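Two complexes come next, and they have one chain in common, subunit A, joined by subunit B in the first and subunit C in the second.
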Partner chain A sequence: MANITFTFEDSRISPVCVSSHAGERLLDIARAAEVAIDAPCNGNGTCRKCKVSIDGKIVLACETVVPADDLTVLVPATAGAFKTDIRTADLSDPRELAIFEKTLSDLAEFPAGKLFTTELVTLEQPNLDDPTNDLERLLTAVNAEHIALSAIRQLPKALRSDGELALLRTKNTVLNIGSPVPEPLGIALDIGTTTVVMLLANLNTGEILSKASAGNAQIRYGADVIHRIVEAERPGGLDKLNNAIIEETIKPLMRKLYAEAGVSGEQVYRFVVSGNTTMNHLFLKIAPDFIRLEPYTPAFNRLGALNASDLGLDVHAHCKLIAAPNVGSYVGGDITAGTLTSLLWKRSSGNVLFADLGTNGELVFGNGEFMFTCACSAGPALEGGDMSCGMRATDGAIDEVTIDAETLEPAFSVIGGGEAKGLCGSGIIDAIAELFRVGAIDGKGKFVKSGSRITETDGIMSYTLSPGVEITEVDIDNFIRTKAAIFSAIRTMLNAVGFTVGDIDEVLIAGGIGSAINFDNAVRVGMFPAIALDKYRYVGNSSLSGAYAMLLSNEAARKVDELARSMTYIELSTDPGYMEEFVAACFLPHTDAGLFCG
Partner chain B sequence: MANITFTFEDSRISPVCVSSHAGERLLDIARAAEVAIDAPCNGNGTCRKCKVSIDGKIVLACETVVPADDLTVLVPATAGAFKTDIRTADLSDPRELAIFEKTLSDLAEFPAGKLFTTELVTLEQPNLDDPTNDLERLLTAVNAEHIALSAIRQLPKALRSDGELALLRTKNTVLNIGSPVPEPLGIALDIGTTTVVMLLANLNTGEILSKASAGNAQIRYGADVIHRIVEAERPGGLDKLNNAIIEETIKPLMRKLYAEAGVSGEQVYRFVVSGNTTMNHLFLKIAPDFIRLEPYTPAFNRLGALNASDLGLDVHAHCKLIAAPNVGSYVGGDITAGTLTSLLWKRSSGNVLFADLGTNGELVFGNGEFMFTCACSAGPALEGGDMSCGMRATDGAIDEVTIDAETLEPAFSVIGGGEAKGLCGSGIIDAIAELFRVGAIDGKGKFVKSGSRITETDGIMSYTLSPGVEITEVDIDNFIRTKAAIFSAIRTMLNAVGFTVGDIDEVLIAGGIGSAINFDNAVRVGMFPAIALDKYRYVGNSSLSGAYAMLLSNEAARKVDELARSMTYIELSTDPGYMEEFVAACFLPHTDAGLFCG
Partner chain C sequence: MAFKKPTPKPGSAINEVTLGVGANAITLGGESVLPFYSFDGTIPNSPKIGIEVSDLGFENAVPGIAELYAGTSTPAEAAAKAAAVPGVDFVCLRFESADPNGQNRSAEDCAVTAKAVSDALGDSKPLVIIGCKNNEKDAQVFDKAAAALEGKNILFVASKEENYKTVAASVGLAYNQKVGAESSVDINLAKQLNVLITQMGVDGKNIVMNVGQAAAGYGFEYVYSTIDRIKAAAQNQNDTTLQMPIFTPVSSETWGVKEATASAEDMPGWGDVEARGVSMEIQTAVSVLSAGSNAVMLRHPKSIEAVSALITALA
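And then the complex of A and B:
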């Protein structure tokens, strides 16, 4: 047995020391010890990202077997960057925040501040004439069935300080005691297949105290839900995937939220999660195996009362865990929560198409009278995945592009100003739409013009927007499949329920595309149907805003439950017309160009 | 910042690596890192037990400040021996076990097996005609309000295996699912000031699957409850004391219980704790400060429904935590639980004196009509503490002694056979009673005879029973104060409620004295009143047997609650006669020898 000591370039991280046998692989030792070293290729030596330093020499952790002697490994500050990428919060973009706030102000019928009450009581201090114990003294003064342990812990000293006691309570339970008692807090969590976003809010006022986001650490087990399910089916796989989301993603984000707001987990009494059906299963460590097997049955759609501390989260022992309900295997809580904030259900006439475009695309079509829903596998292109220069809609991302028809020179804007580092969803749509508009690429996405910005590397043509930021034919091909999946899903679903795109009165787009989305361009590339542009609206991260609404209000949570029950789920994969629609849509804008004329 | 790596002579313990600043004391670093190094003197350099090895050199951790460089510290296998002394289970003595079993068989009116039911259901597997999700499918088939997360986790695979499902459930909640479902288990925990004992039992059958005991790791903060309370009042003190009992004592014992029985904490649905009032407070991390301050008011006597997982224990998320209720500041759950198994409350006539003699002595006097109770500070002499050669009633302990009046040669028995290592409570009583009977010591406990076994070291006389096992005048003095505290408490309490020792019809003795207790000798030294010896009975660890009864039966737990409510608490420390009685009893057998004639 040798001792392996991991030290960290990031001095805030304490060294980690473990025993190992000679011949074990360093990457496996690091994983077992929960030392974060990125390995997107899952340790097969191809991505070359798991670099660490031993005696000043850089090695790949996946290619290093440990010797019989003790070893000190220096983990560079960039390792685990994906995991610890919690500096870039969604909602850090003021435009996204404005959309979020507008969405919530539209939901004024579900106000905050009704979950808890603060009761003031004055108790006589214990004395020789009445030495009744503290808890019994309290119970004779207040009408409550339970006193939480945390409240009992506060009682002896609070009782013996001067003045009245403030009790934070629900109808039946006293949760905390103080003079004054700290405000109750809650967490809303949006678990995306690619990105996880969280916010911490004051449950009395709705004020957001801090927000944070990170990549979903499960990404190392595959980019989409099907790969994750397959991995979860392996021996120990469910534990690994649950560990990746709980220990590696959510817990660090929670620490960030608490540190930024200067609060402790003891104050957190409510935790709302919205995610797709697979994410919900993996979060709760429930086998998702049967989601992908006929008859495509989730283990659950709606859960009863659960306790967030059951998952080992650092929250109050009485913290309720509420999961936005799933509708089916591929339409989950992110969509039901998002449907709440879409306000689609408030429309008494006209038909709304609500589309949440992430790694999966989900659609809801309807109004206050009826709702149909379906899902398609969009892939991560719109969130920056699968693209050579893709990134999330955060600082450094190109989010708007125009290209001069003569010179092919681009003009673009970069989120946060500064140098361009990559392209977010809206930038990708713009760039490809513009390349197509100026005739640089054809309907198949192949370059048909030449110019100084169009180059070839290893037989692959690409267009350079900025030094190091380019779009390749492979990227364009990935994008075309994404937009085709979305468009064909819209068409197939509408067909299935007897509607056409002409019946759509409003289109609401949610997801990580970014607020700069240019709907003209999205229609130009054939992602969305050719209807009047003023019918389109971007609604931001509706899964998060829905979770936030559910966090503040039981009525909002009940409304989401009601919406989930009233949705009719349509399975596209068993629809014989879907594959035909998809193939027809794999062209710019579409093989049936007539659909995009006029 | 330097890295300190603790390595362990015990190869089963993984190295622990932490950062430190130069100048920090090694003992403090070890404590912060939860590295077990004994320091009974609390690190003031007097006990010299905190030995560790650095570069092959033995040093005291309390006297070593760390340098600016990295350091590797070897912790010897004997360090933390007190903490990890979990080999010696109470109930390992077959006589103790027989008493335990007899006690429980007397409680047949509270049978096991009524806490949970196993329901068998057959569900149709999901199919294309009815792809209802698993949880909803279950909920339509069974009548339950809640399905525990653990049960939902079992559901997908159990549902798709052949045959019927077995549900482990209470009236409202389905706790687990299987085919078959594992038996529900529970833990009974007796927290003594000095010794902690635990057992793991099958809740359906009552079968004891494993048992374990250890010293209470809080002992480093003081031998009695008053010292512990004073330590808990210091900044961070409550956390330290709670950590010592939960992390250092109870969690290792639970791991031992689980390993020995080959089960997981997930199967544990009920956890009953009995301890004195201070131990109960520290276990729950509730400030015990006001226990020792006028008007001597505990924070609680009886708790409502609590959850064992709130304390971070490795048990099922729905595991109920039940604490035997306290009666007052110095009569706690150990006594109310013990009173249940004493069966005192079943006597319709005659008066029973029930005495639990540990570090504290507690008395209950009464029958089915009335019950008085009081406490005295006996000190740890009867559990082997405060005695130069004292030990618990386990292998190697001398538990019975006779001394030849002519030669002063001893004859003794050793628990487990083999060589004598020390004296347990019954052995101490015998040895001192015999030394007094043969005239080797006088009524003040001073040696008045000489012989080869009576020697003097540093001015202190002692009697050697066996090589390395001796009784000193200091030991005898400690013992006399212990027996005086007990006897004077009995007298004062009886006086206070208008009874005399002549009114006692039965005496039940519980605690760590051991089953070999010789009541003739206990009366001879003036510990117990001089009444007919056939009225005395040893009832073993009644706190543990009471907790075990409460573990198996809600009715038993309710009965203990009822007993606690019906007890009248008498505060001896405010009784003006108590100190006088105590001083008079500090003599062998008593200054009023007439009390022990006839």
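And then the complex of A and C:
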């Protein structure tokens, strides 16, 4: 037995000491000890991200076998970064917030305030002539089948105070009693493969009381859904993954929401979650194994009403849990909820392409008459993952870049105006499009020009935008694969249903890329088809806005169910043309340059 | 009704690429019709055969190959013998000795050998230089050899996705030799590499493609359809980024598979090992030629004789 001490570069995390046996793998020990080390490849030794420092030497945790002696391991800040919430903060940018509000105003037909009613009753207090118990008195006075325990608990004191009693109720159930009764609250939760975002809202008024976001703690079990499913299949794996999302990610965020709004979980009566199919399974601790196995069938698409308190969440015992329905194994609730806010279904003519670009890219194509959907594995590059200097679109992120063709000097804007800390999705697209435009990189993303900002480390060239913020050939390669996955998915799906990009009348882009996205550049690198730029629009985090609409309105939730049922799912992985389209798209802008010029 | 011969729409022509200079020069490509379809149009240059020579000789060579090189002690002597084999159009010198995991001969030493081989061939046959499959080392060897053989118009195989920046810059730009662009059995990857190399400034008419190879039966259908589709794109759709002639180094694949290496003792039902190796080489070569390859590399004199006879008969 030896003691392994994990110390952290991030001083906010206290050291963790565990005992181990010689021969155990450091990454496994870290995971058992709940020490977060980023390992997107799940410890296969391929991603080389799980770097830790032992006696000043950098090693990979997945390739390090511990000796019989005591050991101190320094975990770098980047390895555990998903635990902190500084890199992620949706709706903190006023532009993102404006998009969110515009989306909600478009959904005025699903108004808030219809879920609960507040009934005022006056009850006679018990006396010697009429010693009828409190509950009987209430039941006689109101027309309800069920009085919730939380309401009964309030009853004795409330009944004996002067004045009217306010009852918070649905048609059949009295949920709470007070004078006045606290307003009903709800939570909208967007579970992304990489990022989790949450809103706390007043269900009567629709007002957002607080918001919070964090990295998905499951990241240490793999960056993409396939690695997570594989991990979940191992003995005890499902528990670990469920624990990572519920205990390590969602519960801390809920505490933050409640503290910020000064409320308690007892007031939360409705909880809406939107996430991809795998995230939905893991959140509910339902085995996701069969999602990745032929014939790719999830355990459920639509869930019906569940109770959020069954998941051990700090909410009212009668808190309804609603999950946006899945369509197939890789098209989940995030896209069905997002489709609601895209308003694609309202169009009676013209064809809309709606793309939610997260770690998984999901596409919906159609209008009010028909809808096709498919998914591709885009990777986390656009959300800042898998990039040496990637980050979400939040303070410190470079979101717009231009590069001078002569000097190769960059000009850029930083969200919040402060010092540049990294690049968000829109900044990455700009930087690569500009490097390509000025001829600094070739079609494979390799540097072909030299300059003071272009340097080489270990055979890998990189371009420095600002001290500490650089973009490497590996980053560019990751991005090229991401954009290729998206573009080839668009082409393959349109092909499968007999359309071409010329048939697209509007393109709606959702996801964490950032509102600064420059569609001209996105087309120039071959991420989106070369159609008129005024057809493109960024719609922000549509999964979250969709979940929020479902939170406030049963009609909205029903509409999402209806949309999910009317979508036709196309499985790209079984389409023989997809791989070829993908390889052709792994080039700037595309192997078939004719698609992007003239 | 009398038979009326259909007249196919004339397609675009494959680039003509000349290897060697003066008396030893040969030209690849130039056709605008399907392989051997000389009745549909002219085929200015029939497919060419290169003979594979290794600077280390061939270990455990079958009798026919051992006999050919008997008595030779240097690559130059071996190349001279190889060049004299009937049916041979060019000589391919493979620098096996440069492999860092093997003898790791220096690029400078390899360049000296290349010069000696070129001198030995003289005006007889043009030379093609092939690397050791180590991308980094190949780039160094090609750089030195291209410098030593400047003006000889030598094809260097290969410049790949991993090393095109250095190889194309030295071979194609600095020394104006012919660049062999090697990709792995995918039409898009082949095209991407051609685009990258031409964007560096190398004239597309100085590029010869090796679009990947396999021995017949070893995933060979992918090779066949890749060549077939490249030719279709080049000729029917006038895709100028795919109009480079194709060279397929058949022998380096076919002589490594079990059909060509398992001894008659181990596989009594399979017959003589040399006959099998020759058969494998011929079948693969004929297949890639019928798919559209403009040149093949072969090792055994008997295979060369058979393939050469086929080309002559169909030309």
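In this section, the second predicted complex is superposed on the first by the 513 of 598 C-alpha atoms of A that agree within 3 Å, B and C clash if a C-alpha of one lies under 4 Å from a C-alpha of the other, contacts with A are read in each partner's own complex, and residues count from 1 in each chain.
To be clear about the criterion, contacts are C-beta pairs under 8 Å (C-beta built on N, C-alpha and C of every residue); 3 or more make two chains touch, one makes a residue touch a chain.
Small disclaimer: the values here were computed from a predicted structure and weren't measured.
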Partner chain(s) touched by A:132 [first = subunit B, second = subunit C, both, neither]: first
Contacts of A:442 with subunit B and subunit C, given as first, second, both or neither: second
Touched partner set for A:499, first subunit B, second subunit C, both or neither: neither
Touched partner set for A:15, first subunit B, second subunit C, both or neither: first
First (subunit B), second (subunit C), both or neither touched by A:306: first
Which partner, subunit B or subunit C, touches more subunit A residues: B
First (subunit B), second (subunit C), both or neither touched by A:5: first
Residues of subunit A that lie at the interface with subunit B and also at the interface with subunit C: none
Residues of subunit C that touch subunit A when the two form their complex: 161, 165, 186, 188-189, 191-192, 195-196, 199-200
Subunit A - residues contacting subunit C, complex: 442-444, 446, 448, 580, 583-584, 586-587, 591, 593
For the subunit B and subunit A complex, residues of the former touching the latter: 1, 3, 5, 7, 11, 14-19, 126-128, 131-136, 145-147, 149, 152-153, 155-157, 160, 284-287, 289-290, 294-307, 309-310, 317, 326
